[in-house]
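Two complexes, one shared chain (subunit A), two partners (subunit B, subunit C).
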Partner chain A sequence: MFEAISFYLFSFLVIASFWVAVTTSQALYALTALAAGMILISGFYFTLGADFLGAIQIIVYSGAVLALYAFGMMFFDTTREVKEKKPNKAIVTTLAVLAAVLTVAIVAAPIVSQNIVALYPSVESVGNTQQIGVVLFTKYLVPFEVAAVMLLVAMIAGIVLAGKKMDISLTKLSESEIEKQNAEELV
Partner chain B sequence: MEIGLNHYLVLATILFGIGLYGVMRRKNLLMLFFATEILLNSVNIGFAAISHYYADLTGQMFAFFVIAIAASEVAVGLGLLIVWYKRHNSIDLDEMSVMRG
Partner chain C sequence: MDVAYLIATVVKIVIILLVFSALAGFGTYFERKVLAFMQRRLGPMYVGPYGLLQIAADGIKLFTKEDIIPANVVKPIFKIAPVITAATAFMAAAAIPFMPSFTIGGYEVKPIVSDINVGLLYIFGVMGVGLYGPLLGGMASANKWSIISAARSAAVFISYEVVTGLSILAPVMMVGSLSLIDFNNWQIENGWIVMYQPLAFILFWIAAFAETGRTPFHLVANDHEIIDGFGTEYSGMRWGLFFIGEYANMFFISFVIPLIFLGGFGEGTFVDGLLFFGKMAFFFFFFLWTRAAWPDVRPDQLMWLCWKVLMPLAVINVVITGIVMM
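Presenting the complex of A and B:
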């Protein structure tokens, strides 16, 4: 009963806020609606017993990703209205719905066959976070390390791309040129 | 009424549809990034639901890796967007289609 109430409440709120995020013409409204939707999605995770995933959702999405977007938006002119494409609305909506149904059908197709066996079955007596830790650091250790390297590469790429004066490579300049650069900065 | 796996899959479908609609409709590249975040989140809901109803942790594992990929996509994408904006003073997708360098 309560599960149904929470499911329908959260679904309505998430769908509404994401709809606002994709349709509004104000960039700030879109960002705020997206943040609200991200936090509300973690409600589903807590209902589904994936506590750790819910906490990660709040920390990574609402904390890191949306803060990054908020900082990124300082570079752009967000006060002016966002111009939109004017394609045929019916075609866009039909294509979106068809593609979504097709994707879920492909993902859910093995379920119909009813012979799914749990690879890493969850244990009732152990907490979700502990189970995640055990499976992540035994069966998924290599993907975990690869993801760590990927995040490091992304971090360096972000710093290099967005940082100031990063188009000048200090390693390729001679000493006198670097001193000239520094002198120009001081002026 | 009992909430089953199909409820969550239908919800994931609806959110995926909203995200795709946003991807096809938006001309501003920042808004396009928002729509891709919605796409990734809808898939995560599906993973978590399947993980719960089949008592299998694999779904949650994949959701974690999807979150990691989303985070690095944002870092690199936003950096490229800032570089583009510094050069061209606009992040319109239609102007990007002309590759003049």
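Presenting the complex of A and C:
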């Protein structure tokens, strides 16, 4: 009974927050609703006994959405409504419906073919952090390492892009030195 | 899931909420007194004996003050931001064992709301979400000081999560579990983790100051440059909720540090329990001590410290631990 209560409660909350995130034209509402939805999804993981995934969901998405907040802060006045450019409504509706149908089809396909078998059923005595570790480093080692390489590439790219003039600290320079530098840049 | 479990859990939640909301109030009193003694003042003295009733006076003031919501703010977000800070602080408490377990009338009481097996991750995840309070409050306030404070809270949030996570990784590798109760039991057999991981201990301790937003990393609400930061536009109990969240977080972190590094409550005898509270009290006191003794660092110094000092040290620590354990 508790599982049912928790499932329906979190389903309602998650759908409501994502609905707000999609429909609102106010950047701050959208971001907050997105963060709330992402964090509330962890409720399902906890209900299913996948504690590790639940905690990771909270940590990863609260950090990830935060980057979006930072962008919001830089690009908009987040306390005002964003004037959206409304393209052709028919196209938007068609694409949205198609995308929704496709998602449902992908997720529902294994249910229809009755082919849901847990490949790695959880073991009662072992915590699920260990279980995820074992699966990651045996069966899914290659995707795991590929993801690691991709992250490494992204990190190096980030350093290269952001690292220009990193050895100069404006706070340590005197006013005249800063002005001299600005003048050099203009030339 | 039986009824006894349900009742016990609800009772525990209510007790934690009541005790720590009250403690947050006492925390402000302790802070004023400690700061006052360190600065050769008396602190609050007039309301009640030694100013003890000052908390009640402050509470009455906060509760009865008009709740002003300025005209240009984003109202729902502005209203919900303080609640996020307070609520997430208390949510994090769900996975902290506050005392050794004891028996009342044949029923064993475990003073932890839920011993999930990823307790540590959960605590830091939820505590991290607590920084959404200052962020949202700052962004919704339509005030320039507030938005600066929000930007700083985002920066602190992203940076110091890394240090906390990496510094805790080495002890986790040694214990092989993320549950604080397992940490406690491991330390009964093998001695305190701080003896094996002194560097991780220091790094975690430093990061705790950033996580709770205390001096010397108090730049989210630095009075002398950005007024009260995210709190500038708040008044009454909404502002008070930010405070309760901050102090509750300080208390919870003061419980977590001894649990991870300093042996926790050991085997759970009465003396061990008292010692545990002693350790907790020391770490709480240290927060206040630092505030009295140190100036705030600048934002760029904070970032420098995080990315150029603490993070490399944490990574090296993890690597060395890994090599030694192989």
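Throughout what follows, the second predicted complex is superposed on the first by the 117 of 187 C-alpha atoms of A that agree within 3 Å, B and C clash if a C-alpha of one lies under 4 Å from a C-alpha of the other, contacts with A are read in each partner's own complex, and residues count from 1 in each chain.
Here is the rule we go by: a residue touches a chain if its C-beta (ideal position, glycine included) is under 8 Å from a C-beta of that chain, and two chains touch if they have at least 3 such contacts.
In this text, all values refer to a predicted model and were calculated from it rather than measured experimentally.
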Touched partner set for A:M73, first subunit B, second subunit C, both or neither: both
Partner chain(s) touched by A:Y29 [first = subunit B, second = subunit C, both, neither]: second
Contacts of A:I56 with subunit B and subunit C, given as first, second, both or neither: both
Contacts of A:T129 with subunit B and subunit C, given as first, second, both or neither: second
Dominant toucher of subunit A (residue count), subunit B or subunit C: B
Which superposed partner A:V101 touches (first subunit B, second subunit C, both, neither): first
Subunit B versus subunit C as contact partner of A:A90, first or second or both or neither: neither
Touched partner set for A:G37, first subunit B, second subunit C, both or neither: first
Doubly contacted subunit A residues - partners subunit C and subunit B: 52, 56, 69, 72-73
Subunit A partner contacts - residues on subunit C that touch it in the complex: 1, 72-74, 76-77, 80, 116-118, 121-122, 124-126, 128-129, 132, 135-136, 139-140, 142, 147, 150-151, 154, 157-158, 161, 177-179, 298, 300
Complex interface listing, subunit A residues touching subunit C: 2, 26, 28-29, 32, 35, 39, 46, 51-52, 54-56, 58-59, 62-63, 66-67, 69-70, 72-73, 78-79, 127-129, 169, 171
Subunit B residues touching subunit A - in the complex, by the definition given at the top: 1-3, 5, 7-9, 11-22, 24-28, 30-31, 33-35, 37-38, 41, 44-46, 48-52, 54-58, 60-61, 63-65, 67-76, 78-83, 85-86, 91-94
Of subunit A, residues touching subunit B in the complex: 3-4, 7, 11, 14-15, 18-19, 21-23, 27, 30-31, 34, 37-38, 41, 44-45, 48-50, 52-53, 56-57, 60-61, 64-65, 68-69, 72-73, 75-76, 82-85, 87, 92-93, 95-97, 99-101, 103-104, 107-108, 111, 116, 118-122, 131-132, 135-136, 139-140, 143, 147, 150-151, 153-155, 157-162
